[in-house]
Each structure stands twice: as C-alpha cells, then as structure tokens.
Amino acid sequence: MSKGVVWKANLTALLLSASVISAEADGVKIGYIDPLSGPFGSTGDAGLKHFRYAANEINAAGGMGGMQVEVIGFDNKLNPKESLVQLQKAIDQGVRFVVQGNGSSAANALTDAIAKHNKRNPGEEVLFLNYAAVDPALTNKKCNYWHFRFDAHVDMKMAGLTDWLQNQKDIKTAYILAQDYSFGRAFTDAAKSMITEKRPDMKIVGAELHPIGRVKDFTPYVQKMMSAKADVVLTGNWGTDMTLLVKAANASGHQVPYLTFYGGGLGAPTAMGQSAVGLVKQITEFHENIEASDEQMARVDDFEEVNNLDYYYERVFTLMNMLDKAIDGVGSVDVPKIAATLEGMTYETPYGEVTMRADDHQLIQPLYISTFSEGVERDVENTGFGFETDIAIPAAATELPTTCKMRRPS
Amino acid sequence: MTDYSLDRVPDLAPSARYKFATRVLPLLLLALILLSIPLFEPSRTWLSLFNAIGINMVFALSYNMLLGQAGLLSFGHAVYFGLGGYAAMHGMNAIENASYDGGIWAAFPMFGLPLVGFAGGALAGALIGFPSCRRSDVPFAMISLGIAELVAAAGFMFISVFGGEEGITGDRMNGIELFGLSLGPLGDVYWFIAFWTFVGVALMYAFTRTPLGKMAQAVRDNPERVKFVGYNPNRVRYLVFIAAGGFAGLAGGMSAVNYEIFTPESLSVIPSGLVLLMAFIGGARYFAGPILGAVVLTYMQSNLSDYSEAWLLYLGLLFIGMILFAPGGLAGLLLSGTAALKHSLSVKGLLRVGAFASSALLAAAGIIVLVELAVRYSNGFGEAFEPFGLHLAPDQMMSWVVGLVLAGVGIGALKVLSKQGGMGS
Amino acid sequence: METVVFALLNGLIYGLLLFMLSSGLTLIFSMMGVLNFAHASFYMLGAYFAFTLGQHTGFWFALFLAPICVGAAGACVERWGLRKVHARGHVAELLFTFGLAYVIEELVKIIWGKFAVAYEIPPELNFSLFKLFGSQYPAYRIFMLVVSIAMLAGLWYLLKRTRIGLIIQASLTHPNMVAHLGHNVPRIFMLVFAAGCALAGLAGVIGGNYLVTEPSMAFSIGPIVFVVVVVGGMGSLEGAFIASLLIGFLQTFAISIDSSFAEIFSFAGLSADGDVGRITIASLAPMLPFILLVLMLMLRPRGLMGEREF
Amino acid sequence: MSALALQLKDLRKSFGPAKIIEGVSLDIARGERHAIIGPNGAGKSTLFNLISGLFPPSSGQISLGGKQINGLKPHQINRLGLSRSFQVSNIFANMSVRENVRCGVLWSLGYGHSFWRNIGNLKEVQHKTAEVLEKVGLTEKADVPAVLLTYADQRTLEIAITIAGGADVILLDEPTAGMSHSETARAIELIERATEGKTLLIVEHDMGVVFGLSDRISVLVYGEIIATGTPEEIRGNARVREAYLGDETDMAEVTA
C-alpha cells in the first residue's frame, strides 16, 4: 500500500495550494526588473535607488494623477528567461509600467513578451519604459508601440565619440573591447563602421568580445592591447566588467585614452585612480560638473546624502517626470492613452529640452563628452577626481534616422 | 515434500483490487486534480505556478528514472531538458515561418511541441549517454558535470542554435490549433501543461512496469549480479539514460511553450542542481517522491522567495537535514509516519508522532527566526521581522534570544526522541 | 614574443593558485574518497575571513589567522556532518557536500551582503615591481607566486619528511591498515579535512583580492578545481600540481590567441561569419578544462598520476 | 553439439606474480554432476570466475558445448546457457523475492530490453517465475523484500535466480555455506530437484553434500587438479588424502 499513500499525499498538497488570491490594488505600480544579486547586483541596486528617490519626490508633490507611486524591485539576475518569469509576477501584482535598463538581452526578451501580453490581454496592457538598454534594434528592427527608450542608443553615442576622434590626428590605431551579447556586438559593429567612415586613415588593430560577467582578471586583455600598440581603446563594458577592466589597466600602467559609455560611475572611478586622469572619457546625458540651477544641485546633494551613492542616472528622473506629466494629462492608469500622450512629448529637464520621437519612441536629448580629471568642483565617489565636459552635443545633433515601422493598436 | 505437478502453480500476481488501488487509482486521482484546478478560477499567479509545477514534476520524475530507478547520480540532467527545449523552440519558429511560406511544419500543431522536445532530449541522451554510461557512481557524476559545463559554455558560442545571451524566442500562437486551444492566454496553456504532465507521469510510471524498467532497478541494486542473468549493465543504463533524456526533453518542450524563450543558462549546472534537490528531498526511493519534491521546491522558488531572501538557505538546510536524518525524503517521512500511526494507533504512537512533529516545528521556527533576523541585520534595513504579530527587531537582543531558545528546545527534543527509537527510515 | 612571456607568467600564477586550491581537495579525495563539492566554498570563506580580519588586524596577520579559522570550520563540518554520512557511501557524501555549498553561499550572502566586498590588495604590496616590455608588473602577483611555492614546499616537506606525513600518506591509500596500526584514523580524517580546508582558505586569502570577492566566486571556480583533482589523479599531489599548471597555461595561452576557427581552418573553406567560423580560441578558454575532464575520465580514469581508479 | 557440456584445456590465471590457476584441464559431460573440492585458497572461486567470464584467463581455453567462450563477457556466456551462483549472496536487495527470480527469467524468455510491454501481462514470465519459486519452496515469501530474508532463504534465493534462466550448465559456488545440518539436507534435495537433466559443477566444503550429490569429483590444490574420479576413487586416492586431508583422523570422518 506504500505507493498509494504517497500519491494521495501530494495530490492533497496540490489541492490546498489552489486557493484563490488575486492582487488588484489602485495606485501606480512600477515594476523594476533588473539584476539585484550576482555580479551585477550593485549596478541594479543603484538604479532601483534612483527610481525610489524619484517616486518619493513625485509622491511628495501629490503623486501621478493624484495616485501614489510605488516602485517594486524584481531580481532577474540579468537572465532573459528569469526576466519573463519576473514580468509575469509583476503583472500579477498589478504592475502596469515595467522599467528595465541593465542588459539588452533582457530588454529584447521583455519588449517581445510585453507586446505579446498586450495583444493577448486587451484591457490589461503594460508599458515598457527602458532607461539604459541601448541595443539600437529596440527602436529600429524590433521597435514596438509599447516600448519607450529614455537613453541614446549605441549608434547615437558612438557617433558622438567618433566625432571627437575625427580631430585627434595623433591617434592612429584603435582597439575595441566589448561584452559578447547583443549590446557588445552592436557596439563593435558601430565602432568599426563609424571609424572607417570618419577616420579612414585609422587602423583597427583589435576587436574582441569577452563573456559578460565571467572574466575576473582583465590583465591578459590589457596586455593584448598593449602589444597591439593601440593608441585608443573603445569599450562598451559596464558594471563589474568595467570596474575590473579599469583595475587591470591601472595595474599594468596602460597610458592610452579609453573611450567608454559607462566609465563614469558605479564603482569604475574608485578603481581608476590617478593614472586614469585625462585618459578616460565617457559620453553621457549627465555628469555632476555640468552647471545647472542651484535647486538641481541641491537635489543632487540630497540624493547622494540619502543614498550614499553618486547621482548618476539623470534619465531616470526624466523618465519618471515625463510619465508623471502623461498620467496627469490622462487622469487615470489607461495605458494605451498614456502611451499616445508620451509620443512626441517634449519636456524641460534641468539640462535642456528633450523630446520623445513619435515614430520610434526614442528620446532625443543633449549628450556630453567628458574626461576624468583633477581639480574639479564636484568629485565622483569621493575619489578627489571628477568629470569635466569636453564637448556638449545639442539634442538635434544626436538625432539619427530610424528604420522602425511600428504597428499602432487600432 | 509432496509431489507437485508443475502446471498447477499458484498465480502469484497481486490481486486485481491491490493492483487497482496502488497503480490505477493514483493516476485517476491526479487526472481529477488536474481537471478540477481550473474550477477554482485561479488567478494568473497561481496558473503560472501550476504550469511551473507541472513542468518540474515531469523533469524531476525523468531525473529520478536515473537516480531512483537506475542508481545513477547525474549533475547534468538539465542538458537534456535544455536541448529538448531548444528543439521545441526551433520547432515553434519553424511552425511560425511555415504559416507564411508553407512547408511540412505548417501541419504540425504547436500543442505537439513536447514530442519534438522528447525527440531532442532522447537524441542528446543517445549521443552523450554512449560514452558516459560506461562508468557509474562518482566517475559518472563527474562526467555528467563536465558535459553540463561544456554544453552550457557551447551555448554561448553557437549563436544560430542557442541564441547566445538572448537565447531563442518564439510565439506560440501560430499553426493549427488542437482541442480549440489558441495557447494564447495562460488558461489555455494550463490545459496544455496539464495534458502533457499527465501523459509524462503515466508513461514514466508505466516504464517502471516494463522489463527494462525492472532491470534498471536490478542494475541499481546489484550491477554485478545483473551480468550473470544475461544483461550488460552498461547497455541497460544506456537505454534508461536515453529514456530519461527523452522525458527531460518533454519537460523542456513544455517549458518552451510556457515561457516562449530558452537561454543557455537553462542548460547549465544550476537547474541540474535544483532538479537533484527536488528528486532527493521528495524521496528518490519512491516513484512519486519527486512529485512531492517538485511541488515543494517550485512553491519555494516562486512564492517563498517573495517573503524571504534566504529561501535558498532554507532549501540547503532542508536538503542537508534530509541527508542526515531522513534519506527517504519527504515521501519516506510520510510513509513511516502513516505506518507508525497505522501499526500502533495507540495513544503512545500518536503521542510519539505528535511529539516529533511539534519538536521539528519548534526547531524550524527557531531557525527561521534566527535567519530572518540575520538577513534583516546584514542588509541594513531596520524593519523588523513580524511573524504572526510578534515584533522582533534585529537590533534587540531579545529577538535573538527567542530564536536561540526555540531552536535549542526543538533540536534537543528531536535528539531525545530519536534516541528512543528510530523515526523516519 | 612578449605575449608568450606574459602568458607564461600569468599562466604560472593562475596555475599555482589552482594548485593551492586543489591540493587540499586531492588530500581529502584520496583519503576519504570524498569529492568535496563545497571545497571552493572554503576558498570563499578564506577570502571573506581575510577581508573581515584584515580590517582589524591588517593583511599580514589575517594571512595566517584566516586559514586557521577556515580549517576550524572544516573540522566542525567533518565532525558533525560528514562523519555521520560517511557510513552511507560516497554518493551520500557527495550529496551532503553539494547541499553544504548552497548553505555556505547563502550564509555568506547574509553575513557579508549580496554584492562584491571591497577586499583590496594591501597598500604595501600595491606597486609595480618591474617593467616588462613596457607594461608594469604588479608586485602582488610575485607575492602570490612566493606564497604558493612556500606552501608547496611546506606541504611536500610535511608529507615526505615528517612522521605525521608518513601516517597521512599511508592513510591516503590504506586507511584500514593504518587504523589497525593503532592510529585514530577518524581523527586523522578530521585533521586532513581541516588542513585541506585551511589550504583552500589560504588560497582564498591571496586569491580573493587578486580576483573579486563576491558570493558567487565559489561557484565559478569550483568545477575547475574538480577538473584539476580528477585529471591529476586520485591520491597524487604531483598529478594535481601538473594538472593545475597545465590548466593554468592552457587557459591563459588560449585567451592570448586571437585567431578564429575561420583563420585556422581556412583551407577547409570555413566562412568567417558562420557560427563555427566566428569562434576564436580565446572564447574557447573557459571550456578547455572540461574538455580535458571528460576526455580523461573516459580514456584514463586513473588520471595522470593516480594509483587507484575511484 | 558435442557430448561435453564444458571443457577446460590447460587453463592458467595469474594476478601479477601470483599464479592462481596453473594448467587446469577438465572435461565435464552433459548431464554430469561434478564437484570441485580443495583447501581454502586453492583457487576454486577463481576457477569459477574464469569459467563465468568475470576475469579473462591468462592462457588456455574454455569451451561450452563445443563453443569457445574464454574472453567473452559474463552476460554473453550466460546467454549461451551457463549460469552461476555466488559464495556470498549476490541478490537484488530492495526488490521482492518474486522480482529477483523474475530478473533471472526475463532474458531467457526473450523479453530483453523491451520497454513497451507491461511485465504484469507477460503470462509465461509470471508462470515460469511461480514455477521456480515453487521448486525452491519460496512461494510464501514471494513478496518479501530480499534484504529481509533469513540467511538460508537468501542462499535459496541465490540458487533460484541461478536456475531461473533455464541454463543447461549450472555452476554453484558453496551453496550450503553457513547452513545448519537440517538446512543443508533440504538444500541437497532442492539442488537435486532443481538441476534434473542439467550439467552441474559445484564447489563445496561439506563432504556430505559432495559425496551425496556428485557423479565425479576433482580435487584442486594450489591451482592444480591433483585427482579426478568417482567419489570412491577419490576416497581411496593416496595423493588426495596426503595433500588435502593431512592425517588419518580426517580420513576416518570422510569414509564414514
């Protein structure tokens, strides 16, 4: 009789867990799906702190359309499949706005899944607000009506960096290093095409992809760059891959300019030290030494004091404020209407006017190329060093054509 | 010795009633459960939980075909789950493309993708199983670990097959519909998962009733003797390995349709570890053990992780507790519990089982309090741990004392009770 | 030319780190037949203990104290856990250590937090010792070299030249006979298990700041340690030494070679943009140890220098 | 099919320097009951292991029913009709007695690795299993897990599994080891009935069993057969008495 008993036991367990709970609650729920553990956990945690600070600010000012805003964190461990599992959990908890930024692989999975969810569950649509996944395909080949991006994509940022390269006649050879996934491949392709187009005289002496989050010691890669005699290094690395790369470059005394997207925050500056001064450059929509109103500076100081973390993601506040403006306009959590309002919206940020381009939902915003330097007014991660603007690129100049052919809901 | 003429030999097969009670009835009950769940109108959260439980049930049972039936400890069973899943994903995309430009795939229903998964898993089992089945026990475990790491690493290289970091995605709402299910909303997917879970469980149970299934158990008990009754143990292991790979691929196919995405991580050692925990905690000695393990672990993985960040610690402690004190797993504990109750239904028997259960609960409560306090203390947020109305802040000494006392009393009682007479095989 | 020199130097250092890590496991594996899945977790504990102790007592004192603490933890694990399971055979022991690895990783996450810990190279070692082909070579790496060679010599001397070493070596291959000779073998098991964990702890102390100290560090290096022990062969430290150097060189050399399959097999007309063509030797690096493991287990289960087939 | 069931020609086996079997030659006719006796360590079990294919012989030939089998794997030899039992009970611990015997029956009835048939419906398998159990008298204990059987019952189960496959050459390795006097008597009667019409090769220490059962006896000492013949010849043979039985007193007990 032994087998029979075991069967009956776990059938009852199944029955017990079939009790019904459903969680519908009012208020604006925002689902933050990013890595909150593992090698990129600290990067994800920093983004969450920015969103929660923005939500508190908006709630203090009366909330979005009169409703309180809540940001719920979901840990996807930077894995696309886990992102879909967490998306399902978020939707079940009543989340109607999903924000994500770390890892274009997760972003590609989310944008596809959200489009399918909206098609299959009319009336329960979900909006995907992407604050940092910069794979160009998201607003070109794979664009869709429910995805909005609040960060310049790879080609826009690469255009800025290669413009700077145009008038550096003493730089003859370049080495490209990126992580082996969609973003890294897009970064490498953009770098290759734009360098050959704008600097035909320059020679690309190396283009390497390394597995994301798994290389613990970048010294062999740095030594390869040195033996290839590269005059400049272009890298798309971010989070722990950026920190460790810079740590290895510092240890090996690699004295060449590093053009990066993410060299300026989340642990990288502390690993750079003195040898990186004047060499490491980044292209971002914000750094602490761009002058802005005193009120904005006070906000930055307050954020850093509350979270003991550098104010880095200005675009998160742009995202939240534009969402706030849209929901105030619509008056309720009606996602299709909110999406329509966001399309083509212009918004005045403390660092200039930005517009959400209607035909591919890509935010057009001013970008700044800045260099890691000494003796600056505000330092980064209290290292004594900070970033100083080289070139300010107005929003219109960053705009690139799009191949997006979006299917708009009827 | 009286003289026997050998044709009047008593039929030793178990009585029809016994056979029905232990073999057919449980399957009917399972079918009843699967049919009745939608009547409760479960929300999307519960539907996705049940889908995950269904997939893990088939996966854990396929793993137990190796561990419980054939005595092979594998650290790489997710390879066959993953390869089967990838086969199903490519099948899904082929169906989608066929709906535009025609081809044989247009005739294949999305509902049948787990069969593609089964084929993928079985083929992988046949290719990888051939060299590794020549060894057993620790060497087999090491080869399975090595192969799992190899295939997972290859997953990031062959982009066209495994899709690199992004993996392969697809849309299940294509091709011809079967039983009127568009497989769009989760409700339809539930029926799809329920159907294949029942088919998987029934087939795997039937497998244990076949000559090959019986010989697999013989190889588990005594591979030496099997050689002398006409069977080559490596050949038996190899065939069981292919079948187990096939059913793991079936679970992979179900997962492909449910999640519509497959990434190389699902091939690696992490999911292989989880399925091992499911089978062992559930009770590898019993056919239905892994089902219990799958229900418990899937619930812990998806729901418990919301209430406590340390759910993996609880899982590890439960696993080590099982190995040290109850190798028979949950099913083993359950059986010896009911057996103890049935045999000595006396008050003493009830008291003993009651005492065991309560001291185990006490110890568990103590450990949970200590762990939750530690988690809150280390993550720096101040909010206290409020179970059932108690207010235990991590910075007050009192809360830690409460935890220590509970755990101490519980474990002490368990030690005393177990010294009096073995409980749990 | 300089890439070869760099690869040799880095390969040697990585190989020796691997050896320090796997020597403990080889001792434990050959004596008790236990493939300790949690061995890399003790390596992690070594790094975390060094981080915490280092803050109070400085790096140098932590260099000795941390491995001792890890050894003590190992002794407790053997005494109250492994010894209970020993009677039930190798598979039960393997499963026990498998569960232990989960528990240790989660405990580390609770005590030290989920993210990487700032366990830095001590300032007095953080300078570049010499210039090699234009690139500075950090002193800390040479320090790692020195410590691992000192550990190797110490281990060799202990095993080959002292009485305790004799007993341990004998119990490596014939534990029962040693018991009959009156030695308390269970206590020797505990001592060897503790010593093995201490060695892993020491590797953690000097490897933790060179690589990154984070909760998932055990999981990434754990399987490679298995490869070293199995490929090296049961019960042979020399085998483990050769295997760890082999893997150290293989991996660092592979990273430095950039040619892709398309270039190598260009005669076979392999297109450069196809999947197989695009694979570079560098991207193969993480797979090499496991290819070695599977081949060795199939062709020569004894491993390079092992006496017994496990 | 030659008249000889089993033939050994100059069989040798050595493990490194130790020579265990030195030049054993033996012819066993079909249907003959042949016993091998000899002091401990004479190499009896090793001889069985060579014949059943557990170890390959260092040199020499073994042929079963005229067909050469040295170097074949145990399961191949078993399929050719040779089945052996073990000195230490080598049974399927967690399976029931009936399942144990059924494992012995399955290959011989041609059900090999079939995974599509329900074992419950295979009538001849059920019947043959019940038949064997009836023969060895374990029918009442059919559903008892083998590990819970008494020592004697486990030895009986060992024999049952060996004869279940219907092999025509049976090798029994000390079947009555450790049995009481009454159990041994029952075992002899059981072996006789179980191996009717079959060739039997038995290794045994109990002289009562040997002289009661066997048609011919071979005496193995230090890996060499020093004498082969009918029980009477062996009893009278001087070399056997001197090499194996030592002094007179043992001899008296043998002749009783």
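Each chain carries a letter (A, B, C and D) given by its place in the written order, and its residues are counted from 1.
In the analysis below, contacts are C-beta pairs under 8 Å (C-beta built on N, C-alpha and C of every residue); 3 or more make two chains touch, one makes a residue touch a chain.
Chain by chain, the UniProt names read as follows: A = Branched-chain amino acid ABC transporter substrate-binding protein; B, C = Branched-chain amino acid ABC transporter permease; D = ABC transporter domain-containing protein.
Since the model is a prediction, treat every value here as computed from it, not as a measurement.
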| remark: When B-C and A-C are ranked by contacting C-beta pairs, first comes B-C
| remark: By Cα centroid distance, the chain farthest from subunit B is D
| remark: Rounded to the nearest Å, the gap separating the Cα centres of subunit B and subunit C is 32
| query | What is the distance in Å between the mean C-alpha positions of subunit A and subunit B? | reply | 37
| field | Averaged-CA centre spacing for the pair subunit D and subunit C, given as whole angstrom | value | 51
| note | Residues in subunit B with touches to at least two other chains are numbered 156
| message | Can you pull out the residues of subunit A that are in contact with at least two other chains? | response | 180, 211
| field | Residues of subunit C touching at least two other chains | value | 109, 114, 283, 286
| query | When you check every pair of chains, which ones turn out to touch? | reply | A-B, A-C, B-C, B-D
| Inside the complex, what are the residues of subunit C that reach subunit B? | 33, 35, 81, 84-85, 88, 90-92, 94-96, 98-100, 102-103, 105-107, 109-114, 223, 226-227, 230, 275-276, 278-279, 283, 286-287, 290-291, 293-294, 297-298, 301, 310
| said: For a test of understanding, state which residues of subunit A touch subunit B in their complex under the given definition. | reply: 1-11, 13-15, 17-23, 79-81, 84-85, 88-89, 91-93, 103, 105, 108-109, 112-113, 116, 120-121, 180-182, 211-212
| note | The subunit B residues in contact with subunit D across the complex are 1, 4, 6, 9-14, 19, 206-207, 209-215, 217-218, 220-222, 224-232, 235-236, 239, 243, 285
| What does subunit D use to touch subunit B in their complex? | 52, 54, 73-75, 78-79, 83-84, 86, 90-95, 98-99, 102-104, 106-108, 111-120, 122, 126-127, 129-131, 133-135, 137, 139, 142-143, 161-162, 164-165, 189
| request: Using the touch rule from the top, collect the residues of subunit B that touch subunit A in their complex. | output: 21-23, 25-26, 29-30, 33, 36-37, 40-46, 48-50, 53, 156, 164-167, 169, 171, 173, 184-185, 259-263, 265-266, 283, 286-289, 291-292, 295-296, 299, 302, 306, 331, 334-335, 338-339
